[in-house]
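Paired with chain B in one complex and with chain C in the other, chain A is shared by the two complexes that follow.
Moving on, here comes the complex of A and B:
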C-alpha cells in the first residue's frame, strides 16, 4: 500500500504542476485546449489525494506496521474507529488530511464557479494548483506518511491517549479544514485581480467561501475550547496559546472581511480593504500552518521542530510577498465608486469594525511573534502570558461588542433616515438599567458591570429590531413564531448575522463571568472528608480503579451538597481570616441541613508509554455557574488532591455554539433562486455562443 | 498490486487531461461576446438584488424615502438599459418595463416584505 500512496503523491505533484503551468500558458497564448486540460488536471489531483489518503487509511486498517507513520500512531489495541483520528494524529498524516480537504474544496469551487468569472478562472486555477503543488511536494519528499521501517515491529506504539476521544473526530479536522479553506476566497480574489477583473463579480463567491471557512474555523475553535474545558479538565478554555492564537487571528480578519464586503456589495466602496483583508487572512492561515508544522513556538499541539518548519516559513513568506505585490500592482484600479458621506452611517461603522478587528489581530500577532524575535535576538526565551493578551485585547473586544449594537442600528449613507433617538432609546435605557441594577445589588468589578451593560445594550438592539419586524407581520395576521420566521427568512444574511451576534453575546457572558468572578480553592481529601467552597460542599465518598494495559487510571465518586453558609459561619470566618476561599471538613463536622444536588466522577489517568497524564474533571453545570472539580492526583496515602473552582456563567460559552452554527447557516442559505430562474429567461443568445466556451 | 493500481491511476489521469486535445469537441477561448453577455446578466441580477435590498432597507427604516426613491429610479434605469442591450431593439419599452417589475415583485414576495413598502411601524 505504501507504493500506491507514494505513486499517488507523485502523480498529484505532476498533475498540479501541469495544471498551474498549463493554465497560465494556455491563457497567455490563447490555447483553449490547454486551459481546459489544465483544469481537468486540477480535478484529477483530487483523485490522487484521495487515493493517497485511502492507501494510508487502509494501512491503518490492515495494521501495516512496516509503515513508520502507522507504527507510530496506532497499535493492535486501538479501537478501529480511531483510524480516522490516527490518520491525522501526526505531522505527515495531518498534512495529507489538509491536502485532501484542499483538493476537494478546490474541485468543488472550480466546478461551481460562476461563468462570468471565466476570464479570471485560469489564474484562480493556477493559484490553487500552486498551493496544492506545495503540499504534494512536501508530502512526497519531506514528510512522507509512507516512509517504511527497516525492521517491522510486532506492534505499533499506539495512538496518543489525548486523542482517543470522540471530540477528536471533529476538532482537528474542522480547524485544519477551516484554515486551509481560506485558500478558496483568496484564490478567487487574486485570480480576479490578476485578470484585471476589479469589479464586484467575485464578491458572491468570496463571501460564500469566506463564510464557510470562517464558520468551520469558528466552530472548530469553540469545540477545542469546549473540549479543553469539559473533557480535559484544563480548568480553562482559552490560554492564548500560540496555536489558539494562530487560529483566532485569521478568524478575526475574516470576521472583518465578511462585514466589510457588505459595503462593497451595497455601496461599491472598500474594495481595497476587502482584498487586503483576504490577503492578510490567507497569510495568517499560512502562519498557522508554519507554527503548527514544526515552527519554533512550543505548544500542546505543535509537532517536533523540523526542517518542515523552514519549508513552511518560506511558503508563508512567499504568500506574503505574492499577496501584497499583487495588491500594490492593482491598487490604483481598486477605487471606490463613491466617498463616505457621514461618519454616522452603516459604512462608517464597518470601517471602525475593520480597525478594531485588525487591532486585536495585531496585538495577538505581536504576542505570538515577540517571543520568537527576542529568542533570536537575545538567546533567551521569553513567553508572553495571558495577562498581556487580556489587558491589551479586552477593551478592544468590548469595543467590538459595543459596535455590534450600534452598527446594525445605523442606516446606510447617513443617519437622517432613522430617527436615531427612537432606535437607540431602548437599548441605551436597558443597558444603563442593567448597570444600575447590578451596582445596586452590590455586584463587584466595575469593568465587568460595564461589560454586562454593553451585552444588555446589544441584546436589546437586536430584540428591538426583531420585535418591530415581527410585530408588523403579526399585525398582518401571522402568529408570532411564523411572523418572526418570515422576518428572518425575508433577509437571511442580515438575520442570520443577528443570530450569530447573539451567540457572540452569549460567549461574552461566559467570558465575563469566568474571567471576573471565578473562585478557586484546592485541597486534598481522604475518603469521607469534604471540601467547602462558597455554598458548595464536595464530599469524597468512593473511588474505583480503571487501569488497563496502556494506562493507570482511577476515578473518584463525589457528592455535591448545597450548604447554607450560615450553618458554617465559624469555619468560613476562619478561612477568610487566613485568606482562603475554601476549607476541608471531617465527616463529623458536616451539618445535617446540607442538600445533595449532584454526583460527580472526576477521573485521572496516566499513560506510561507516552509519559502523559490525562484527567476528566467532574462538573456540575447550571446556567448560573459551574462547579468544576479537577482531580490533580491520587496520592500514595489514599487521599485525592483536588483543584476546585466555581466558574460563573460558563454554561453560556457552550450554549453559544449551536446559535453560532445556526446563524451562520441561515446567513449562508442561498438567498433566492433569481439566478437560477433567470437562466430560463428568454434573452436571445447567439446560437454559436453556447458551445465549447471555457 | 499497488503498483498496478498506481499505474492505472496515472493512465486514467493522462487520458483525462489529454482528452481536450484529441476529443471531438472544439474549444475556444472565452469570447468578448460571451463575457459581455455573462457580465451583463450578472449585472442585471445584481441590480435586481440591490433593488430588493433597498426595498428591505426602506422597509426597515435604513433609508430615507428620498434616498430610496432616488436610488430605486437609478437602479431601474440601469436595469432597463441592460435589458435593452440584451434583447436588442426587438422588444418594446413597455414589455421590458413589465419584465422588470415582475422580477422585482417576485423578489419582494420572496422576501415576504409587507407589500405597501414604507416603514409600517411609523
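Moving on, here comes the complex of A and C:
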C-alpha cells in the first residue's frame, strides 16, 4: 500500500510539472496540441491524488501499522467510521486531503471553464499546476504520509480524542477545502491578467468559484464553533485563536470580494480592486496553511523548529510576490468603465463595506502578529486572545451589520431624497423602537441594547424589501407565497444574499446573547445534591462509567427542573450575601413549583495514551437560552465538579447555519437557459435598471 | 421647489445626502440618549466578577486558553486564587497585577494599554479610521472624475416602480412598459 501511495505521489508530481511547463511553452510557442496535452495532464493529477488518498485510507481500513501515519492516528479499537477523520488527523494526511480537494476542484473548474476564457486558460492551468506541484512535492519528499516504521507495533496510538465527534467528519474537510478552493478564482483571475484579458470574461467563473469557497469555508467555521461548544468543554465557541483567525481572515476578504464583484458585473467598476481582493484572499489562505503546518502559535521559535513551516512560509511569500507583481504590472490596464456618481449609492456603500471587512481582517492580522513583534522588539512574551479581539473588532463588526441594512436599500448610481426617506423610515423606526422598548423593560448593557437595535434595523430593511416586492407581485395576481417565490427567483444572487444576511443576523443574536448576558456558577455535587442557578435546579441523580483500553469514560445523570425562585428565596438571599451566582442544596426534595424539564448527561473521558481529557457538556437548549453543564472533573470523593452556565440565545448560533447554506445555494443556483434567453430578449435596452441581475 | 415633507428638499439643488444625514444624526442622538438611560448599577455578584476576570487571564500550561475555559489543575488553582483576592476586597486591576508579577505579562489575555503594548491598541484604531478615510477619498475622487467627463444620467428610480417593472417583465408586457416609461422621462 505504501509503495502504491508513494508511486502515485511521484506520478502526480511529474504530471503537474509537465502540465505547468507544457502549458506555458505551448502557449508561448503557439503549440496548440501541447496546451491540450498539458490540460489533460492536469486532469490526470486528480487520479494520482485519488490513488494516493485511496492507498492511505485502505491502510487505515487494513490497520496497516507498518505505516507510521496510520500507527500514529488510529488503533484497532477506533470506530471504523473514524477512518475518514483519521485520514486528515495529522499534518501529512491533511496535506494529502488538501491536495485531493485541490485536484478535484481544479479538474472541475477547468472542465467547466467558459469558452471565452480560451486565451487565458493556458496560464490558469499553469498556475493551478504549479500549486499542485508544490503539494505533490511536499508530500513526496518532506511530509510523506507513507513513511514506514522500522518495527511494526501491535496496535496504533489511536485517534486524537478531540476528533471523535460527529462535527469532525465535516468541519476540518470543509475548512481546509474552503481555504484551498480560494486557489480557483485566484488562478482564473491571474491567468486572465497574464494573458491580457482585462475585460470581464473572468467574472462569472471567479464569482461562482469564490462563492463556493466562501460558503464552504463559512460552513466549516460554523461547524468548528459548534464542535467547540459541544465538546471542547470551555463553554465557548469562538476563541479567536490563531488557527481560527487564519480561517476567518481570508473569509472576510472573500466576503468583500463577492460583494464588490457585483459592482463590476453590473457597473463595470472596481476591476483593479476585485483583482487585489482575490490576491489578498489567496495569500491569506496560504498564511492559513502555513500557520496550520508551522504549529498553532506564531512565534519566532515555533516556525524555525519545523521544516514544513519554513517551506510553507516560503511558498506564502512567493505567492505574495507573484500576486502583487502581476497586479502592479497589469494595473494600468484595469480601468473602470464608469465613474462613481454619489456617496449615497449602492456602489459607494459596497466600497465602504469592503473597507470595513478589510479593517477587521487587518486588525485580526495585527492581533495574530503582535506577540511576534513584542518578542522581537522587547523580548517579552505577551498574549493576544479573545478579550483583545472582542474589543478591537467588535465595533467594526457592528458597523458591518449596520451597512448590511443600508447598502441593499440604496439604488445603484445615486438616490433621490424621497426614495431614501421612503426606504429608511421603517427600519429606523423599528430599530429605535427596539432600543426604547429594551431600555423601558430594564434590560442592562447599553452596547448589547444598541446591537439589538441594529439587528432590528437590518431585519426590518430586509423584510421591507421582500414585503414591497411581494406586494407588487401580489397586486399583479399571484398569491402571497408564489409572489415571494417569484421575487426571490427573479434575482437569485440578490435574494440569496438576503437569506445569508438573515443568517448573519441570527448569528449576531447568538453572539450578543452569549457575550453579554451569560450567567455562570461553579460547584461540586455529591449524588443526590442539587445546584441552583437562576430558575434552574440541576439534580445529580446517578452516574455511569466505562473503561476501555484507550479511555476511561465517566458520566453523570442529571435531572433539570425549572423552579419558582420564590420557593428558594432564603437560599438565594444567603448566596447573594456570599457573592455567589448559584448555590448547592444538600437536600434535593422537590418543592411545590418545581417542574422536571430535561435529563442531561455530562460526559467526561480521559485518554491515558494522550494524557488528555475530553468532555461533552450536558446541554438543554431552547430558543431563549441554553442550560450548559460542563463536567470539569470527577473527584476522588465521589463528587462531580461542574461549571454551569446559562447561555442566552445560543440556539440562534446554530440555527443560522442552515440559512447560511440555503442562502449561498440560492445565490449560486444557475439560471436555466430558458430564463437567460428570455431575459436577454426582453431587456436589451435597460442595463442600468435597479433590478435585473442585481 | 419646496417639499411638503420636513427635512426634504427637492428639485435640482437638493442634496440627496441631507435627509439621510439628518435621520442618521437623529438616530444616533436617540441611541446616545437611550444608552445613557440604560446604564444602571449592575447587580453583579463576586462570582460573576471572578468569571469575567478568569476570562482575562491565560492558563500558563494550556495553549491559547484562558483559565476560565481550562480544566487544568493550575487553572483551577488560579480561579480559586482570583476568588480569594476578590473576597479580600481587591480590585480587578489589583488582581491582574498580582498575576502579572508572578507569571509575567503573558498571563494577560489582552495586552495592557501602556508602553509598547499601547501599539496593540492604537494600530487597530488607525487601521479602521484610515480604511474609512481611504474609502471616502476613493469615492470622492471617482465622483470628481464623473463631473469632468459629465456622463449624462437619468434620475435614479425608486420605490415600487422597479418591482412593477419586474412584474411587468415577468408578465411579458415589458416592452410596452419600457417604452411608455421612456416617453415619460
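Note that the second predicted complex is superposed on the first by the 648 of 694 C-alpha atoms of A that agree within 3 Å, B and C clash if a C-alpha of one lies under 4 Å from a C-alpha of the other, contacts with A are read in each partner's own complex, and residues count from 1 in each chain.
Everything below uses one rule, namely that contacts are C-beta pairs under 8 Å (C-beta built on N, C-alpha and C of every residue); 3 or more make two chains touch, one makes a residue touch a chain.
Source: prediction; values computed, not measured.
Undergrad: Would you check which partner chain A:439 touches, where first means chain B only, second means chain C only, and both and neither mean what they say?
TA: The answer is second: A:439 touches chain C but not chain B.
Undergrad: I'd like to know which partner A:157 touches here: chain B for first, chain C for second, both or neither.
TA: A:157 contacts neither chain B nor chain C.
Undergrad: One more residue to check, A:346. First (chain B), second (chain C), both or neither?
TA: A:346 sits against chain B, while chain C stays out of touch.
Undergrad: Regarding the shared-chain residue A:44, is it in contact with chain B (first), chain C (second), both, or neither?
TA: first
Undergrad: After the superposition on A, what does A:266 contact: first (chain B), second (chain C), both or neither?
TA: first
Undergrad: Is A:519 touching the first partner chain B, the second partner chain C, both, or neither of them?
TA: After superposing on A, A:519 lies in contact with chain C but is clear of chain B.
Undergrad: By the touch definition at the top of the document, which applies to A:411: first (chain B), second (chain C), both, or neither?
TA: The answer is both, since A:411 touches chain B and chain C.
Undergrad: State whether chain B or chain C is in contact with more residues of chain A in the superposed arrangement.
TA: For chain A, the partner with the higher number of touched residues is C.
Undergrad: After lining up the shared chain so the two structures overlap, which partner does A:241 touch, if you call chain B first and chain C second: first, second, both or neither?
TA: second
Undergrad: Considering only the touch criterion stated at the top, classify A:579 as touching first (chain B), second (chain C), both, or neither.
TA: So A:579 only meets chain C here.
Undergrad: If you lay the two complexes on top of each other, which residues of chain A touch chain B in one and chain C in the other?
TA: Common to the two interfaces on chain A: residues 411-413, 416-418, 423, 468-469, 472-473, 475-476, 486-487, 490-491, 683, 685-686, 689, 691.
Undergrad: What part of chain C is in contact with chain A in the complex they form?
TA: Interface residues on chain C, with respect to chain A: 5, 7-10, 14-20, 23, 27, 30-31, 34-40, 42, 45-48, 51, 55-56, 58, 63-66, 68-71, 76, 79, 86-87, 104-111, 116-117, 119-121, 123-124, 127-128, 131-132, 134-136, 138-140, 142-143, 145-146, 149, 151, 153-160, 162-167, 169-172, 174-175, 178.
Undergrad: Help me check something: in the complex, which residues belonging to chain B touch chain A?
TA: So the residues of chain B touching chain A come out as 2-3, 5-7, 9-10, 12-13, 16-21, 25-31, 33-35, 37-39, 41-42, 44-46, 48-50, 53, 56-57, 60-64, 67, 86-88, 90, 103, 106-107, 110-114, 120-121.
Undergrad: In the complex, go through chain A and note every residue touching chain B.
TA: Of all residues in chain A, those touching chain B are 1-4, 7-8, 11, 15, 18, 30, 32-38, 40-41, 43-44, 47-48, 51, 55, 114-116, 118-119, 199-201, 266, 346, 411-413, 416-418, 423, 465, 468-469, 471-473, 475-476, 486-487, 489-491, 494, 671-672, 674-675, 677-678, 683-686, 689, 691-694.
Undergrad: Can you check the complex and tell me which residues of chain A touch chain C?
TA: The contact residues of chain A facing chain C are 232-236, 239, 241-242, 269, 296-297, 336, 338-344, 348, 351-352, 354-356, 358-359, 362-363, 366-367, 370, 373-374, 377-378, 380-388, 391-393, 395-396, 411-424, 428, 431-432, 435-436, 438-439, 442-446, 449-450, 453, 468-469, 472-473, 475-476, 486-487, 490-491, 519-522, 576, 578-582, 613, 615, 632-633, 682-683, 685-686, 688-691.
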